[in-house]
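We call the chains A, B, C and D, going by the order they appear; numbering starts again at 1 in every chain.
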């Protein structure tokens, strides 16, 4: 099979740094991350707290902020107790909460720079600790502000890919087709797509190994992206699938690797989305259902409920 | 008509994901948004509060901030009252405003971290609420800072398009011409323009459907953009309008779709502007009035008052 | 002259939106702004306070902050006085400064959220004003933070251009040469240069008008930019200057318009620098003095003191 | 040697602004900075505090913040003492710390806007100083926030280069090979590499000088970068090394200059990495050990512990 494909002169073999291994799991997860395990790297080495705090959900992010606030206050409350609660002026014996909580809430008032002043530090040591805690507070809020803005300003192209990849009639031949749409209101322009495929192919020696091929597209880029885009790989002489039957296609355990790039209007930034389709995402012999309609008033409508809808073809 | 255009070998047909529908409303609004209704999507799904707060006016933005400040204080004032006003030390019975307003303003002093301290929290519960409110305050101001910077740093290319699209004499033929200028003081460089047209054309079967064509330009990009740029589509053999009369042009219900991209100097960012012209924006047989003059001292002047001015041509 | 140049088949005429005017002043100032006056635009329309505050000096920026702080405090001090100084608790008759300054400093303590608490608001009206002033304070500091970061993060490519443009011997012909170096420590990579010239040329009708030509370069881009780059326009058959004598060159009142673009390492951003050379910046028949030396320890040295140094050639 | 290389028609000579000097030290350090000394520039001229504070370690950054906090407080404490400690109300004679520390901690409480209020300013002069100090505080924290976000948002492509450069068998010839991998979890896409070499070559006059050549690569760019990328320069007719023996190679004191560019997913930004290999980084006749394996569960593994491992070839 490999030899047959390599003979085709318009088919371009690719290299992703894997060599021709016999890897069986998907290479690219549907969230765009690569399915590669790194051995021999300590998790701390590649850990970047900024990236983690950028990527996590808002709930977890605020959870981290709350946890940090509590821990820092606990730490400073301990320090004030060790230095002696008598160095906090205004601690009221009538308060039933006791010295620990007085120290804890004094710490919270210092860290957040509220500083009501009922309790205030006394003596050089405790004053120094309180002055340092106030600096920790303002610096921490600088960090939080930086993180919040980082989370805000990260452009996220929420492209939605069709669940299935269809093999459809196309001109006089057939083609592989999937479609994408923009889940966000923000406008994307100048989109371009690059599609490759990873195939498990038996070589002349009878061993199966993975090979990568680039797939030509009917249209590699679009200027405007107002509705949805059907990306079409014609199965013609330039395709590694040319002449393959459905069973040969499925036996080659194909994984389509997709990279879509574009410009996001709201962020004036370039965005990238990766996705992949596997053999069991593929429907052989089907057509996408139309999702663009003209409404009664003459304007265009995109029917998102039929985004994943397709119709099987009788004699595919 | 469609067949005639398709026969021209230099005319390039385009695809924007609409198919050949009979849509009658404009596709691209003059503010650059697309005129497409999405059915079957809940408004919440595509709602992005960050984008909304970035795009809204400064008045509405500060209105939202004020509303948020009032609501949060109302909420915490309620909490303090529920916990018992006696847990706020320093509440003065002599204050005629009463417990609710005492709690409300204590909340405001805590949220903004002013913390005058006349009133201060007492007891573990109320102290905890106040410490949490101070954290809400600093975190909220981090969010506001992030939003403010996001609003500031979003490059907005305020390109001004001429109100009309002119059909003018050009070399030995005619051309469609519009002009753009920069409304801002900031400099734009490396501008490039892409122009397409959507036409309602009758096919061989007598049915009218929309088709998209790309329009070639006399000049697709300019390095410097100090004054104004007249963008010219020559109606020659490569144009879908070649050989069309004015009435045929108007009957085809044309919409010119324009994308201009460039680099903004002040933001070191790429900017994009979209615009469209309709049939009724088109003046057949007219010339732009000159807007560049040399003043007495030898320097160049751009006469913005004549930016939209044109002169009709006798025998157009 | 114009006819002669237009006959050369490799010379490319350009258009900057000026038409062929008789403008006599320089088009591009050495700070990169264009020397074009806009008539008929109100200054407010193109005024962008964010851009102004980004572009101004740090001294003026902090001056604006100080002025704002003083004005806001003055305004709120007035409000507090109008509402009655008796609504500020803790105002001390013993303070010789008097009610105005007490109100003013209370305002400053509120705006900056210091809130010592010696003076504190009383009554619903004054409490509301104080709560609003605290919000004005934190929101203003959000604006200042946004501006400060905007100022920081704006990549400024401080390219230094040689003071003079030299006409030097080059291979078997001559060439126009200028050099640029990086004034900052940050690294620039992937620099590219585009050079055009504006010439006042007499046409067949004997009238002089301005025409723009693009100038070909010996090397249009460089990958690394560790030292200095001598940009060379060979005066060969593709040059509008081919065959011009020095006096013809000077009579054509040339202005070289230069755009250099590159990537700044510290900001991961693209930067652009514009510059122009006039006739009186041109030295006819001179060579740049060498500024790269190898020091005794074998490393390379860039001798910045000779950056503008050149040597005249005897028989130029 | 130089003449022989120049005769090869596919070899492209390059220019980095050095001319053909006899420089003996490396041009590009392994951290990506250039090894060029600038003479005649005052260090202040090219000093950019923002860039320094961006590039320094977090420890030093927080050290600078702490130092700034201490110095400012020292300065304002001095001012308060000069104005007379009696202008700070609430200074307690019972506090053993004495007037200096009372003034110092009052300053810290003002700068950080904690403002407990036990001590508060009195009189116009001291009130003005305190109001100004509070403004200094909030503005400084705006600067710190800006710096913190600048540090966060600077995309750092931590590409790891193999320690050695190998001369390996390649097809029917040999090739120079090094490999790179991504140390971070963030994804890089659309990587491209440009490789040049600086060689000390004897010209026809017997003098040795440095010349730069661009090296062609088997593959100049990759779309995905999930694992590692082996960058291969085939030593064929287009290579300046074609026909060189190992001793000739080493005698030419080669320095490979590498620029890798790509798009970072987490920051939506372009990143650049520079690196260089010297003669003594080169192993003649060796092959990279395989680092991609398929684990038992069928997924791919990148064995980072063997990233620098190679095997010498018997008869190289």
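Some points to look at:
The rule we apply is simple: a residue touches a chain if its C-beta (ideal position, glycine included) is under 8 Å from a C-beta of that chain, and two chains touch if they have at least 3 such contacts.
Treat the numbers as computed from the prediction; the structure is a model and nothing was measured.
Although chain B and chain C carry the same sequence, what matters here is overlap: shared residue numbers make up under half of all numbers found at their interface.
With rounding to the nearest 5, the Cα superposition of chain A on chain D corresponds to a rotation angle of 90 degrees.
Each chain gets a centre from the mean of its Cα atoms; for chain B and chain C, those two points are 27 Å apart. Averaging Cα coordinates per chain places chain A and chain C 38 Å apart. Contact with two or more other chains is made by residues 109, 113-117, 137, 141, 145, 149, 267 of chain C. Considering their complex, residues 113, 115-117, 145 of chain A touch chain C.
If you check the complex, the residues on chain B that touch chain A are 14-19, 21-25, 27-28, 32-41, 45-48, 50-51, 54-55, 89, 109-110, 113-117, 119-124, 127-128, 130-131, 134-135, 137-139, 141-143, 145-147, 149-150, 153-155, 194, 196, 257, 259, 261, 267, 269-272, 274.
Remark: chain C residues 62, 65-66, 69, 73, 95-97, 101, 105, 108-109, 112-118, 137, 141, 144-145, 148-149, 151-153, 183-187, 189-190, 219, 222-230, 263, 265-268, 290, 292-295, 297-306 touch chain D in the complex.
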